[in-house]
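Shared chain: chain A. Partners: chain B in the first complex, chain C in the second.
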Partner chain A sequence: MAVFVATDVESAVQRLDDRPDSVVLAGGTDLMVEVNDGRLRPSPDADVVAVNRVAELRSWRHDSAAATVTIGAAVTYSEMLDEPLATLAPALAEAARTVGSPQIRNAGTLGGNLGTCSPAGDGLPVLAALDASVEIASVAGRRSVAVLDLMKGPKRTTLEPGDLIVSFTLPVVDGWQGYAKVGVRNAMVIAIASTCLVLDRQRQRVGLALGSVGPTVLRVPAAETKFAAALDWRTMTAERDAVQAFGDGAAQTAAPIDDHRSSAEYRRHAIGVLTRRLAARGLDTAGRAA
Partner chain B sequence: MTNHFTLRVNGADHDVRDSWLGESLLDVLRDRIGLLGSKGACEQGECGSCSVVIDGELVCSCLVMAASTIGQSITTVEGIATDGAPSDVQRAFVDAGAVQCGFCTPGLIVAVHSLLESDGEPTETEVREALAGNLCRCTGYGRILEAVERVVVERRR
Partner chain C sequence: MTVLDAPSAIRPGTLGDSVLRPDGTAKVQGSFEFCSDLNAEGCVWGATLRSPHPYARIRSIDVSAAWRVPGVLAVITADDVPGQANYGLIVPDQPVFAADVVRYVGEPIAAVAGDDPEVCRRALAAIEVDYDVLEPLIDAEAALDPNTPAIHPDGNVISSQPVIHGDRDATGDVVVEATYEVGMQDQAFLGLEAALAIPDPGGRGLEVYVATQWMHEDRRQMADCLGLDPESVRLVLGGVGGAFGAREDISLQIHTSLLALRLGRPVRMAYDRAESFLGHVHRHPATMWMRHHATADGQLVKVESRMVFDGGAYASTSEAVLLNAVTQAPGPYRCPNAVIEGHAVRTNHLPCGAMRGFGVVQVCFAHESQMDKLADACGVDPWELRLQNAMHTGDTTITGQVVHNVAPVEECLRATAALPLPDEPVGGHPRADGSADVMKTPGGAGRTTDASDVVRGIGWGVSMKNLMYSAGFDDYSTARCRLADGVVTLKFATVEVGQGFVTLAGQIARSVLGVDDVVLGRIDTQVGSAGSTSASRQTWMSGGAVAAACRAVRDRLFLHVAEQHDVDPGQLEIDGTDVRDEASGWRIPVVDASAGVDIDETVEYRHPATEPLDENGQGDCHVGFVFVAHRAVVDVDPELGLVKVVQIATAQDVGRALNPLSITGQIEGGVAQGLGLAVMEEIIQTDGIIRNGNFTDYLLPTFLDMPDVVATLIEQPDPLAPLGAKGVGEPPTISSTPAIVAAIRDALRQVDGVGRPLDRVPVRPADICLPARASASSTTG
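Coming up: the complex of A and B.
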């Protein structure tokens, strides 16, 4: 039983394979809360595999030919706020800025966000709305899957023991994207409801993802298609009724519950408001640029 | 790697022999190394009273697994005063009356030093955003903001 500080992906996945009960430690902002609380005790037969010093996981790269950006799983929220990454993935930067506090943003990572898979994870609606893919490594090799397919339920993913999240690949979108969230204050807040909207001009595609209103992050395909058809993609404008219907569609798709943070009724209402607000913001911004 | 490890804290190496696997850096600093400046309150990263700097990054030491920081450089509030004299930030906190019960003060001192190292001329909004992870239940924050402003003005000279 030991804490293993990995410096490359190969040694990390080898360690995870040798001791299948091992726990992956990234920024620690979720895992250490469990440990401090006594809810999680690393097993005597297992290791803690710390991955926040694996160079490949700590870096990101822009592929301008493919118009994608690939972000390492241990890139922190603070790093997502830095240029030029913030300009390449603006909704991710907006979401990152709403995470916790500077202390949390300096530690918390995108890989940890998906590994924990809370429906309130701030990075997840962005990854979902952008149809991001995630690269996973194990001793068997590497594979790429859609982020949406990996999220199975509250704090449940389809990751197998021995799997390590390596990176995320998301499109650099020609158009507009934004993230909005409702919480009780401007900092240190877990989302009561959140939305990420992507208006991809080149593909004439609308992506909307909802957080904190279902067992995992939700997409709203019917309302997305309807809104994409109602949009004038050349001028980036839409009728007021179309924006209203888009918000209503999102609110209907939401599947919220009552809990200690909010009520289902409030969450559903908030999704409608946030969706309309982002749509208005996106069309205003993109319309002026057109 | 066994559960015996060495941490570099405030420029000195400290042997840690009796911690349990998974023990937080906060507990190791306080209970094993004897550095009591970093405070433990929420133990879930909400309050900032355990703030330390690891390799230049401000973090909550309660959310850091101590054994994962081998080979990194850790600075606690005890590493901020030079030769026993309070730093300009520490002096400004006292002068501005930004210390009441004092429990949040070490974390705030570390956070303010970290902020002013990356940005010597923050706006009030930037100061508020930078200190949003440090809770104080006594002062109402007014005098803390005043203390930061005093340091900014002093450092300009």
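Coming up: the complex of A and C.
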């Protein structure tokens, strides 16, 4: 086993191509847990490709003409909390704040979040609700894929051996966005249910994504459409019944399981409550701002 | 935290001063040497093979492939234990290595030594064990059924203990009853288990550095299993990072020693967090039915209870844990009649034993929940009801024992009530920019909850806890004091686990002998036993021993001074740093008086004897008791079931505050542990298999979960205690848990006027916000 410290995307993907069993190391907050728990062992055939020194992965940029922000895969959660990125992607900042401890946030990255693809990954509902795209590099070149299409199941993606996550592109939304997550501790906890809501005034579009209540992050298309139709986008108000129905729709879409962290029944309940609360917050905030 | 009592002027470094820990800076800076940091020339690593099954017969163990792993130096199994095959604190029922049967997930089967941890890991993976997997016994109630097949030659019932007191047929006007449950809590110390064993040349003895709680008891059990004389096994304390009871039992001591003796070279072993969850005992899960009888105005008439403690696979200290529980089932209240029945049973769960509060934590959750239920049924305020029933010095417990200790339950209640309620509104004060501070609401960083979603509740918890070892145990501590040229050297085997005896010992010597310079000898078995650092006992016991040794030295110093200066030794006293003649006022500094002398005294301190309980659970079984009151203020999000504990106010009976800062540390830490049991900490096992043996899923409170702690110390020196001081380690943990749960119940009652039973800890979000399960609770009268 060797550790290859890449300094650009090309050398990283070349190494991944040469040694297809290699693992990518960014912050190591998931990978080292796997190693320490014995689920992932150093093997003669597998190298570690460290991508922390790849400048393209470590930076982000704002394209104001396109109204998008592109975030490198190795940008850390701490960096997502810093301005001006936090203002451009506020729900992502809120999600980043819920990740682990300061030490974990200083190391963990958004690319790692998607690479691991836990249903409880805190950044993933935000990427899903914003319809973010992800750029992937391999020796064959680069391609852009919707984040939602990449997430396949618990800790499963459609990434192929040799693929490297380079960056995420998400819209800078005119409207409101927010994230909320339930855990049985007030910080540093795995989500037992999480939601991200985006109210895009310009496109009159509602995006709602649910975490920890399905094999992967879920969107709620029927309830989103119904709520978008029920919303008065000019005043940013909605009838109480519409908010209730939105929450009910989200809860019904959730497909949670019972495990040692929570019952399915509670997870479903929490999704309904969080959805209603986020909607109320979004309408309140956006309405006041108008 | 604020300790509101201002300390009076005292000589720095002596009793009553908030002396800083000698190891504090090193621990904060990360330079403290924990046991896991120790190494020795030529040292190799050891590791343990553990059972993946809760209950299975071992058909065969094939270690041949492990021997073929490059770098492997030793592979040992039960066949390689030269002495006693089993060990145990009370009864030797636990195998060093399982030979024929495994009884819990994590039971050791073999150990290996190798050049590095990776070699050891591969060797363990190469050992082939052929199991005949059996149906595990996981229901503690079923374990009591005589028709249930025994999972151990000693049977499934570890201990049964009734307590029958007064008129067993007495009844009250008001009767409340319910069944309460407490989940399995882990001690979760941060410094993981570690040992370094260095064999003597010739292999007839060894020196073992270990992070433990009771050096001489470890030595006894180790010597038995190693087939050595106790004197040949020399223990040295390695740096300990917390204990909370989990280091009272043997974990890796014998395994490490066996490997070192086998190889004739030093061996170190260190658990990781996952192995630590399997490698030490935990707090007993318990199911407790209680029925309280009272007069119409709330005076306790009788307490009935039946409790079953799940001891897991081996006995450990279950018998003593149960004794504490049944004898203190009513809590710190006058209770003329009692009918209590308790059982500790064996199951194929993780073994359970000592943890801070030791049996009292479980019954306290039950009796305090009952007191609230009783207050409700009688229409009396919960605080008033507790005050009305509070035990006082001279009252009799349900074992017929007269409480000769200071018993300031009423003072604790009144002083706690006098502490200010939090000035923070629900949701906390807004931040500088006017936005809400989400960290102050339930759900915290998760932004689940707005202030408008929150209801605030207040709850009470009061507890009593026995101090030291009980029921006739010969409990003593040894200390040696040497005074030479104005410098005191203390030597003891009192284990420092973080509680602060290394600070206190110096304070005692400075106060008794009037010196400034105190040197502590290495903590090892080259002096007599100090007993265990547990049961809130070392301030009393080793404090008593150090004080007695210092006084013995002081008396000899007085004789020396009297001879040298022609004064009456009976008239001499220590005044500050001087020896002073009370009659004439003549004085001489201790430094000068002790110049050229070398006085050395070793003393054993024993507390007053106790006696075992009789067949009805009657007898003077405890040495003494300590008391505390807690008031919790908790913000609750009833719809999501999330909580934020806002404040814990507490007045604690300490006898005499020997180091207020150190007590503050115990109170804050104990509250954190009580909070953990109240709302998050539980080891979850499914069919005997642990599901959350890691810190991702076994949740401990973080700083953001910690409330403001406001404390006042009730100082009424206890005439029975050698320094007037009681142990302070356990009380903060015990009644903080029921106080927090009571506050949650209070908040929920404000929402719908009915509330939730919350008869199980830890309280889970679903217990708060989803429809209640069918409850055994009822009220009549």
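In this section, the second predicted complex is superposed on the first by the 290 of 290 C-alpha atoms of A that agree within 3 Å, B and C clash if a C-alpha of one lies under 4 Å from a C-alpha of the other, contacts with A are read in each partner's own complex, and residues count from 1 in each chain.
Following the convention adopted for this analysis, a contact is a pair of C-beta atoms (placed from the backbone, for glycine too) under 8 Å apart; a residue touches a chain by one contact, two chains touch by 3 or more.
Keep in mind it's a predicted model, so treat the numbers as computed, not measured.
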Exercise for the section: Identify the partner contact of A:Ala107: answer first if only chain B is touched, second if only chain C is, both if each is, neither if none is. Expected result: first
Practice task
Kindly classify A:Glu265 by the partners it touches after superposition: chain B alone (first), chain C alone (second), both, or neither?
Solution key: second
Exercise for the section: Please indicate which partner A:Met32 is in contact with in the superposed arrangement: first for chain B, second for chain C, both, or neither. Expected result: first
Problem - chain B versus chain C as contact partner of A:Thr98, first or second or both or neither - result: second
Exercise for the section: Could you tell me if A:Phe4 is touching chain B, chain C, both of them or neither one (first, second, both, neither)? Expected result: first
Exercise for the section: Return first, second, both or neither, reflecting whether A:Ala67 touches chain B, chain C, both chains, or no partner chain. Expected result: neither
Problem - Touched partner set for A:Ala55, first chain B, second chain C, both or neither - result: neither
Completion exercise
In chain A, both chain B and chain C touch residues 33, 36-37, 101, 186-188
Exercise for the section: Could you please specify the touching residues of chain B with respect to chain A in the complex? Expected result: 1-3, 21-22, 24, 43-46, 48, 51, 57-60, 62-65, 67-68, 70-71, 111, 114-115, 129-130, 132-134
Practice task
Under the touch definition given earlier, write down the residues of chain A that touch chain B in their complex.
Solution key: 1-5, 25, 27-29, 31-33, 35-37, 40-42, 48, 50, 52, 78, 100-104, 106-107, 186-188
Practice task
Please give the residue numbers of chain A that touch chain C in the complex, ascending.
Solution key: 33, 36-38, 94, 97-98, 101, 178-191, 194, 259-263, 265-266, 269-270, 273-274, 277, 281
Problem - Complex interface listing, chain C residues touching chain A - result: 121, 272, 274, 439, 442-450, 453, 639-642, 644, 679-680, 684, 686, 691-692, 694, 696-697, 699, 701-702, 704-705, 764-766, 769-770
